[in-house]
Structure formats: structure tokens, C-alpha cells
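Some structures to go through are shown next.
Across the two complexes that follow, subunit A remains constant while its partner is subunit B and subsequently subunit C.
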Partner chain A sequence: MKVKRVVGRIFVYLFLIIAFVVSVFPFYWMITGMTNTAVDVIKGKMTFGSHLIDNFKVLFTTYNIKRIFFNSIKISVLTTVGTLIISSMAAYGFEVYSSKAREKTYAAIMLSMMVPFAALMIPLFKLIVKFHLINTHAGLILTSLASVFIIFFFRQSFKSFPKDIIQAARVDGAGEFKIFTSIVMPSMKSTYAAAAIYAFMTSWNSYLWPLIVLQTDKQKTMTLLISSMSSAYFPEYGVIMAAIVLATLPMIIIFFTLQNYFVQGMTGSIKQ
Partner chain B sequence: MKKRMLSILLVMVLAVSLLAGCGKKETSSNQEQQQQPQAPAEKTGKITIWAWDPNFNIAIMNEAKERYQKENPKVEFEIVEMAKADVEQKLHTMLQSGVKDGLPDIVLIEDYNAQKYLQSYPGAFADLTGKIDHSKFANYKVSLMTLDGKVYGVPFDSGVSGFFYRTDYLAQAGYKPEDLNNITWDKFIEIGKKVKAKTGKAMLGFGLDDGGLMRIMLQSAGQWYFDKDGNVTVANNEALKEAVATYKKIVDAGIIKKTSGWNEWVAAFNKGDTASVVTGVWIVGSVKAEASQSGKWAVAPTPKLNVSGSVNASNLGGSSWYVLENGKSKDIAIDFLNKIYAGDNDFYQKILVDRGAVGTYMPAQGGEAYSKEDAFFGNQKVYTDFSGWIGNIPAVNYGLYTYEADAAIMAVMPDVYSGKLTVDAALKKAEDQLKNQIGK
Partner chain C sequence: MAEITPNSLKKNTKFFKRNKSFERSLNIYGWIFVSIAVILLAIFLFYPIVNSLILSTMSSKGIVQKFVGLNNYKKLFHDEVFLTGLKNTFIFFIIQVPIMLLLALILAAILNDKTIKFRGVFRTGIFLPAVTSLVAYTILFKMMFSLDGFINKGLLSMHIIKNPIPWLMDPFWARVTVMIAMTWRWTGYNMVFYLSGLQNVPDELYEAADIDGASKMQQFFHITIPMLKPIIVFTSVMSTIGTLQLFDEPMNFSQGGVTGATIGPGNSLLTMSVYIYNLCFKYMPNFGYAAAVSYVIVFLVAILSIIQFKVAGDKK
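For the complex of A and B:
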């Protein structure tokens, strides 16, 4: 009996160790790469080198990295906040207020998830040009505010929110907006946190649309910068790795701070 | 009820103004820039340029900008740096949408893709015939940007190819530099075998699915995947047959170190695992990056194919500047390219020294930077050699689908290596596949 358990444990640990190595290796590679020269990175050097400061110096002198990093942060934060407000209100509307067309409208919106972005790109671009939003961050933010996935995600969570509470609040004279902001929102914190991680990540990583909309180096985001750095006759891998580390940091910070909420949010906010 | 509506309204106004705020700033500054330059006679305006490669094209453009601004201080530049694939993606989207806002004035396009843009978007690029003296540029480079007798671009960097080799390994195998001049690929393989036997080092880093070398072989024979009129010539192409057969011979001879992808391929010679590399002149930066190998390298002419018409000069890659017909500052952009890229000898010396860029502007090639000895290459005057070879590169029509053809041929190569298909059968299969794909 005991032997069996020990053997089982060994397998579990073995599996976990392999999974650990597979998921941590890219980070290790990225961090050692940041301290080496391009030649060493190409040669596959796996140990720490002494070029960390040089690489960062090049990164900060050749590129307007502060501005670009700030651009990314600004776009992602505004998109996340906006998406959470708009999409959660939309989802709440779909779940709480019933009408004949409700499910049909919802289905139509869900279906739009199946249209690939490449098909929307050119019409959307024309629209943005008409609105004079080309080369502006607003052109990025406005187009991603209504996220179908996040509406879906919120609606699933709202399904488990007891409707009796809403009724009770109405009886007590609370307005609909008040019910949403002071009763529903606070009790769905973990759902909001999970959606925030998702929205932030999508915005932070988005690449194709910023590429099309943004026209100048001043407006650029981190993803565009990293992509442009690697397109060269002689790519400076050490510097690229340094930029990648910078670009990874916010995601790591956000994920670790909201981690607990994230798991809760995924499994449902309301415990019945 | 009213209060509730009011609060919703307020939140929405707040959100909209927040977003509009970050949009407005840029548009207003754009307007300022457009209104500002009004002084007569003097050239004013703003040239927007899209290009890739921070240490090469971008750095060179910055140099060109400074030179132009000395004469025309009121011309502003906006040099936007993007990845190569990004420039292409963006250009396709904008040209397809037909929108004129936000178009650049000058854009860098890779030579292999030039015809694709020129033919897919007629009227999108400015005709530069007569505005730039194209006779001063390398012939092969001008012909790839010519469509219906009109020349649309300003030739920029050359991918003139060379046979870079390690003098120490070759000497160990008993070869002197003279033995490596103007050889054929068959001779190259023979040398490779001896190098392998004597030093244990592979002759070449070689990606089994990389078509770069094949394009070098083809162009050295004045052939391509397409003929002068753009028809597919894959199955009945003597040079291509010879090139495919040579690929197989190289693999069979056991003189290669198999690599996959760019990084492994570069690592092979940086680590000293291979004795040579046959590729475009732009590799110099990567070769020199391994400073410990200084003095151990030399360059010989590209080996030629065993077919009539093949010469010891070829090309891999390279790109050129194009002016957009609907850009805001079209005329200034042409003037800029004409003054610097088609007229400034000194500029070409500077970018060669600083960036290792070999231009295709022939008058510049007699300059002092081109005749300098390079200690890394054992005091060989490498750029004198390269510029000599540039003039001999046969002109070919790259057609619209170089990369598609490349992929179709590389897809049948495994069967050629294994002997499952003969060269003829393999090329027939590749041609069918290619015609299918491009709809011809």
C-alpha cells in the first residue's frame, strides 16, 4: 500500500518537474539572453554573460523605449477599464432584462466571434480613417472596447447571481444603475479580476491592429518595437531579449497580483 | 429616474472625452505640421519613410536625412521603423483599402517582391523614369523595378554574393586562395570533401529546406523560376535542373553541417564549425561579429553552375526605395532620393564604412572606402572585389511569386535527396504545384 503511494508520488513529481522545466525554460533563456551578446545568443550560450548593462544601454539609447513602454501601458489600462465597464454592462443587460429579441441579438453577437479579424481589417481601417483616428491610440482603444468574449464571460457569471437580490433592491427603491454599481459589481469582484487579466493581456499582446493603425514611431507599442528589432541582416538578440523582458514584466505583475481572484473568477464568483 | 439618467450620461461623457482626449492631441499636432511650412522657393514639407532593420536601412536613412537637411533645413523627416513583414502587411492593407491618409512618401521593398507590388497596384507608385538617372545603377537592379518600360524605384543595397571561406581551414586542406577563384560548384564539392577529410570540418552550413543558395545558383546563370515575360519556367529550366542536382550532390558528398533556420546557420560559422559560407555581402556583419576569427576569413567569387551562360557572380536579397504616387510630399521625396541616393558619392562611402552597406550606385564604387583593405579578411580589399562582381550579375525577372516558387521546389527536395524522384520528375511536380497555387 505504502509502496504504491510512493511510486505514485514519484510519477506525479516527475511529471510536474517536466512541466516545470518546459514552462520555465523560455524565461530562463530570455533572462540569460539579455546578459549576452548577439553572437553568444546565436551560438546557444546558456549561462549568464556580462553584457546586461550594454544591452540595456543600447535599448535605451537607440529606441525611445520609455515612450513606447508608456504607450503600451496607457493603451492597455484604458482598454481594460473601458472593456470591463462596457462589456459587463452589456452582459448584465442581456442577463437581467428580457425581451423577445434578446436571445437572437445575443446569438448574433456571439456569431461575430467566428469572423476572423483579417476579414474585418480593411473595412475597419477605412472606418478609422473616416473618423480621423488613424495614428491615434483612441483608434486602438475604441475598437476593442466591446469584447464579445468578455460579454459572454460576464453573462455566464451573472447567470449565477441570485435574481432575488435584484428584486429586493428594486423593492427598496434602488435604481437600476445603483443596483448594478453597488450590489452586483462588488459581489462579482473576482469575475472582474479575471476579465481584467484577460482584457489586459489581449490588449498588451495585440499586434496586427496596432500595426495597421499606428503610423509613427512615437505612437508605437512594445509588440511593434520587438517585431521591428528582429527584422535585420544582423539582429541584436541580446538587446531584443532585454526588450522582451521589459515587455513581460507588466503581465507577470498583473497576473501575480490578481492570481487568487483569477482562479475564483474562472470557477464562478458566487458561491451558492 | 432623472438622476439615474444623468449619472449614466455623465459617465459616458467622461469615458468619451477621455478617449477623445488621447486622439485629439496627435491630430492637432499633425495639422500644425502641415500648416507651418509656407515659405516660398525653399523646399518645405515632411517626408514619411517606412523601412526595417534598425542598424542598416534605418541608420542609413538617418544619415541620408542629415545630409539632405543641410541643404534643405525646412524639410522634415518621419522615419518609421517596422519589421519587414510589417511594412508589407501595412502597405497591402493601405493600398487595398484605397485610403490615401497615412500613406508614406517613401517605402522600402524587398527586390524579390517588387513586381508583386508594381503589378498588383498599378498607379500606386510614382514613375521615376527620367527623374532619376538609372544608368548609373547596376543593371540587374534597375531591371527588377522596371514594368512596361517604366522604372519605378531607386535601387538601394546589393545582395551581391560571395564565397566566404576560412583561410586557415582551406590551407590545412592544401588550398591556396588562387585555387578558389572562379570555380564551379563541382569543384567546390571536391574541395569540400578534401576539407572534410583533412580538418574534419564541414564545408557549408546548409538548411535542407532553404532555397537561398538555389536562387544564387539560378541567378548566376541568368535564369529564374520565371522567364522574361513572367511565365513559370520550372520544369524546363536547364539551370534549375543543374541547381537541384547540385543541391543533391552537396548533400550526398557529406560536406555539410545541417542547420535549420537562420540562427543555426549563422551559429555554424560563428562557432567555426564550417569552412565557408556562400551568400550575400550583407552577411559580413554577422561574420565579423565573431571577432576571434579576425584575419582568418577571405572572399572569393561565387562558384558557377555547369551550364552555359553561368558566371561567377550572383545576388541574394537586397531592397530598393519606392515613392508613393499619392504620398503628401511626393516631389520632395523624389528630389531627396535623387540628391542623396543617386548623386552623393560621399554618402555611399560613409554607409559602407559605418554600416557595411554595399550600394548599387556605380559611380560611388571607385571611392576610397571601397578600396580599403580589411584586416578581418586578411587585408583583402573585399569591397573592391564585390563591386567588381556587382557589374557582372545577370539581370533576371524575379516575377511575382519568387517565394511561392521557392516553397514549391523546397517541398519536393526531400524526395530528390532520398532518390525517390528524379530531378525532372521533381521539377515537374513542383511546377504543377506552383501553377496550381498561383492560378496559371
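For the complex of A and C:
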């Protein structure tokens, strides 16, 4: 019996270690890759090389990487800030001031979560063309300002906010917006942090919609750059690795500094 | 601060009258708070959903549009490329999703056991792939699975294979590669959902099972899975939606990316979303027909979700 236990334990740890190594290895390979030449990368060299500076030189001279990186940051930050304000306000409106009409609206919004993006893509593209927002960052940002998932996420958290406090503030003569901005918002900091990470990551990593909206190299994002670099006739794999590291690093930094909010942002919505 | 309860308000009729107008003003505030989001969603979500459905009954070549009823949908059944896309999407869905979710469940069950050492390290490491962008990880895997790349080199040196596997040059292996990559990216993500669900399962349940002599395997099937059922349904519906609109991976795995002639060897990676993109932006644009393909995805997501909810509900 005891031997069986020990053997079982060994298998469990072996399984965990394999899963861990498989999960983490590509990150290691990505970092060694950006120090190697294209041939070394494609031949699967696993050790550090001496081409780190060369790869970055190509990245900075051949591609307008500074501008593209800034584009990604700008789009993601503006989208995140806008989404947080608009979606949290909406969630607050749905949760605190309940009415039948609004409840129906909310249900319709939630149901639309089932509709895949592919089904919106064509009319959305036509709209953006009509509004003259094609090839602009505004076209990207405007369409993702109201996020169904984030409205849902905020509403779930507002459910646990004590309504007595809102009542008490009203009796004290505080206006409705004042209550929201100076009482509710500050006490929901962790919810905002979690939602911010989710919104930032979604925007930072998005591919299909930017691919359709942004058409010139000047407007491109990191994701689009990596994609077009790898589909070149002679892909410079070492340089691509450097670009991938640049595109992934912000998310890894955010993940390790705000790990708890990160996980909460992904799973918090289904606590109930 | 005065204590106000609904009853004390009703007793005071004067206050009650004022209360009514107060309620009306609250209702207005409610609309103000939701207004920006509702307007944006009406324009950028509801209008496109409806418009796309209408579009799917139109034939549009360039600017000329004419009503064709269900003809677009009928045409789909004879469209070889569409049927290939449908088949490929289903292969990914039927094989990859169950493997990934089962793997995630097993990992969550193991990491929920408090006697396991370095739980935090394992959890963080296994979750890490979920921070990468779909494009970045796809290209990373494309490089690892090249013919004389890292994976083949490793397998050859361990004498598991005699000749290099043509990962991205053969239809069968190309699909396998995409599924391996997707499992890498999403298993940890789903595991975190299960782990957070398991926090609501009291440890005593497992302790009691231990005392009763239930094996870990029995505990997995009789405690972990039933307790997590709602979350399992949630993750499988989410994975269904995700897989049916698979786009970033096939596009970036295939030679030439967006401009490539085929998506994967012999179009083996062509999915429905990729086909929609090609119909709109690669060939002569046919928005009406593309809209019909997109509504096929909507119907499939709806049907598959209902089935999943039903299957989970019946077992209760």
C-alpha cells in the first residue's frame, strides 16, 4: 500500500514537471533565439549565440519598430482607459438602478457574447469605411470601447457592493455621479485592476480586426509586424525572435507584477 | 446618518410622494449611466449582427447588391472550399477541445492537493503560455516544428523517430502541429478556471474520501468532476466559440501567411473564419456570401452550446 502511494507520487511529480517544462521551454527558446542567426533558429539551436545586437540593429533599421511599438502601446492604453470608464459606468447603471427595460437590454447584450466576431466583421468593416476611419487607430479603439465581457465582469463585482452605503450617501445629499466617482470607484480598485489587465491584453494581442483596419506600415501594431515578418520570402528568424520578445515582454511583466489581479481578471467573473 | 428602511418610508405618505419622483429621477440616472455603452454597442455590435444576417441573403459583387434569399446558404453545400473549412474546423474542435480540457482538469486536481510541493511555481509556469499573443506563439511553434528544427532534432536524437516528421508539410501533421500548439496555449488558462472553482470545494470532502479509502482516481471522477460541472460547461462553451472562429493560428502557421496561396498543405488548415477573410479581402469581394458563412458559425455555436448545456443538465 505504502509503496503504491510513493510510486503514485513519483508519477504525479513527473507529470507536473513535464507539463511545467513544456509550458516554460518556448519562453527560454524565444530568449536564446533572439541571440542567434536565422539558420541557427530554424535548426533548433538551444544555446545563446552572439547575434543579439545584430538582430536588434536589423529590427531598428529595417522596420520602424519604435513607432510600431508605440502604436501598440497607444492603442492598448487608450482602449483600456476608455473601456474601463464606459463599461464600469454601464455595469453600475444596470446593477444599481434596476428596471425591467434595462434588464432586458442587459440580457440582449449578454446573449450577443455568443456571436463570434466573424459575423460582425463585414458590416463593421463597411461602417469603418463609411466613417472614414479605415487605416486609423481611432477605428480600432472606437469599436472596442464598450466590451460586453467587461460590463459583465464589473456587474458581477458591483453585486457585492453594499447598497446601504449608496443609500446613506444619498441621504447625506451626494449626487449620483459623485457617489459613483468618489465612493464606488475607489473601493473597487482591485476589480478595476483586473479588468484593466484583461482589456489591455485583449487589445495588445488582437490580430484579425487590426489586420482589416490598419493597412499601411506606419499604422501597424506589434502583432501585425510579427505576422508579416514571418510570412516574408526569406524570414529572418533571429530578428523575428527579437520582435516576439518585445511583443511578449510587456504582458509577462504585467503578469508577474500583478499576478493576483491577472488571474482574478480572467476567472473572477465566474465566481458565482 | 438617519436609518431608512422601505417600511419607514411607506408609513410617511408625504415622503412617499416625493419618493415617487425620486424613483423616476433614479430611473433617468440609470439610463444616463448605461447610455454611452448602449449607444456604442448598438452601433458596433447589434447593427452589425443584424446587418450581417440581412447581407447573407444578398448577392454582392462589388457595389451591386441583389436579394437572393437563401441561395447563398444553398450554394454553401456545393462549395468545396467551404466544406473543407467546415471539416477542418470540426477536426480541431472534436479532437483538441476534449484533450485540452481533460488535461486542464487533471492538472487542476493535482495542484489543488495541498500536500504537493512548489504548487505556486507549477501553477505559474503552466499558466504562463496564456499571456502570449496568438500570433507570437504560432510563429514560435512554426519555427520549432520546422523540418530540421528543434522538435525533429530532439526526437531524432532520442531515437523516437528514424526520419524527420514533415510537421508543416503534410496535411495530417500540419493539423497535429496546430493542435499541439493550441493545447500549449490554452491548457493553463483553463486550468486556472478549474483551480478557482475547486476553492469552493471543501477540503473535508477529499479528507473524508481519503478516510473511506477512495483512490485519487475515484476522487477525481466522483468529487472533482461533479463539483466543477458548471465551470466545465462554461469552459467548453468558451472553447467551442474560440475553436469555431479559429483564425490567427491557421493564418500564421501557413506558408506566406495572409498572402499564401493555400492555408496549410492542401488547405488542411483552412478554417471557416479564414475563408470569410479570404472571401472579403483576398478574392473579388463577395460580402453577401461571406456573411452567410459567418452565420453558419453563429448557428453552429448556438447548437453546440445548447447541446453542451443539455448534456450537463441531464446528468444532474
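Here is the rule we use: the second predicted complex is superposed on the first by the 239 of 272 C-alpha atoms of A that agree within 3 Å, B and C clash if a C-alpha of one lies under 4 Å from a C-alpha of the other, contacts with A are read in each partner's own complex, and residues count from 1 in each chain.
What we mean here is this: a residue touches a chain if its C-beta (ideal position, glycine included) is under 8 Å from a C-beta of that chain, and two chains touch if they have at least 3 such contacts.
This is a predicted model, so every value here is computed, not measured.
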Side-by-side fit of subunit B and subunit C on subunit A, or clash: clash
First (subunit B), second (subunit C), both or neither touched by A:I65: neither
First (subunit B), second (subunit C), both or neither touched by A:Q167: second
Comparing the two partners subunit B and subunit C, which touches a greater set of residues in subunit A: C
First (subunit B), second (subunit C), both or neither touched by A:S227: both
First, second, both or neither for A:M185, with subunit B first and subunit C second: neither
Which of subunit B and subunit C A:W204 touches, first, second, both or neither: second
Which of subunit B and subunit C A:I73 touches, first, second, both or neither: neither
Which superposed partner A:E236 touches (first subunit B, second subunit C, both, neither): first
Touched partner set for A:I122, first subunit B, second subunit C, both or neither: both
Touched partner set for A:A90, first subunit B, second subunit C, both or neither: second
Identified clashing stretch of subunit C versus subunit B [41-49, 77-85 or 293-301]: 77-85
Subunit B/subunit C common contact set on subunit A: 42-44, 121-122, 125-126, 142, 176, 208, 211-212, 227-228, 230-231
Partner subunit C, residues of subunit A touching it in the complex: 8, 12-13, 15-16, 19-20, 22-24, 26-27, 29-30, 33, 41-44, 46, 86-87, 89-90, 92-94, 96-99, 102, 105, 108-109, 112, 114-127, 142-143, 145-146, 148, 151, 167-168, 171-172, 176, 180, 201, 204-205, 207-208, 211-212, 223, 226-228, 230-231, 237, 240-241, 244, 247-248, 251-252, 254-255, 259, 263, 266-267, 270-271
Complex contact set, residues of subunit B against subunit A: 1, 3-4, 7-8, 11, 15, 18-20, 22-23, 26-27, 30, 48, 52-56, 78-86, 89-90, 93-94, 96-97, 99, 101-102, 263, 266-267, 270-271, 282-283, 285-286, 289-290
Complex contact set, residues of subunit C against subunit A: 1-2, 4, 26-27, 29-34, 36-38, 40-41, 43-49, 51-52, 55, 106-107, 110-111, 116, 121-122, 124-137, 139-144, 146, 148-154, 184, 187-189, 192-193, 196-197, 216, 231, 234, 241, 244-245, 247-248, 251-252, 255-260, 272-273, 276-277, 280-281, 287, 290-291, 293-295, 297-298, 301-302, 305
Interfacial residue positions of subunit A with respect to subunit B in the complex: 37-39, 42-44, 62-63, 74, 78, 82, 85, 121-122, 125-126, 129, 132-139, 141-142, 175-178, 208, 211-212, 215-217, 219, 224, 227-234, 236
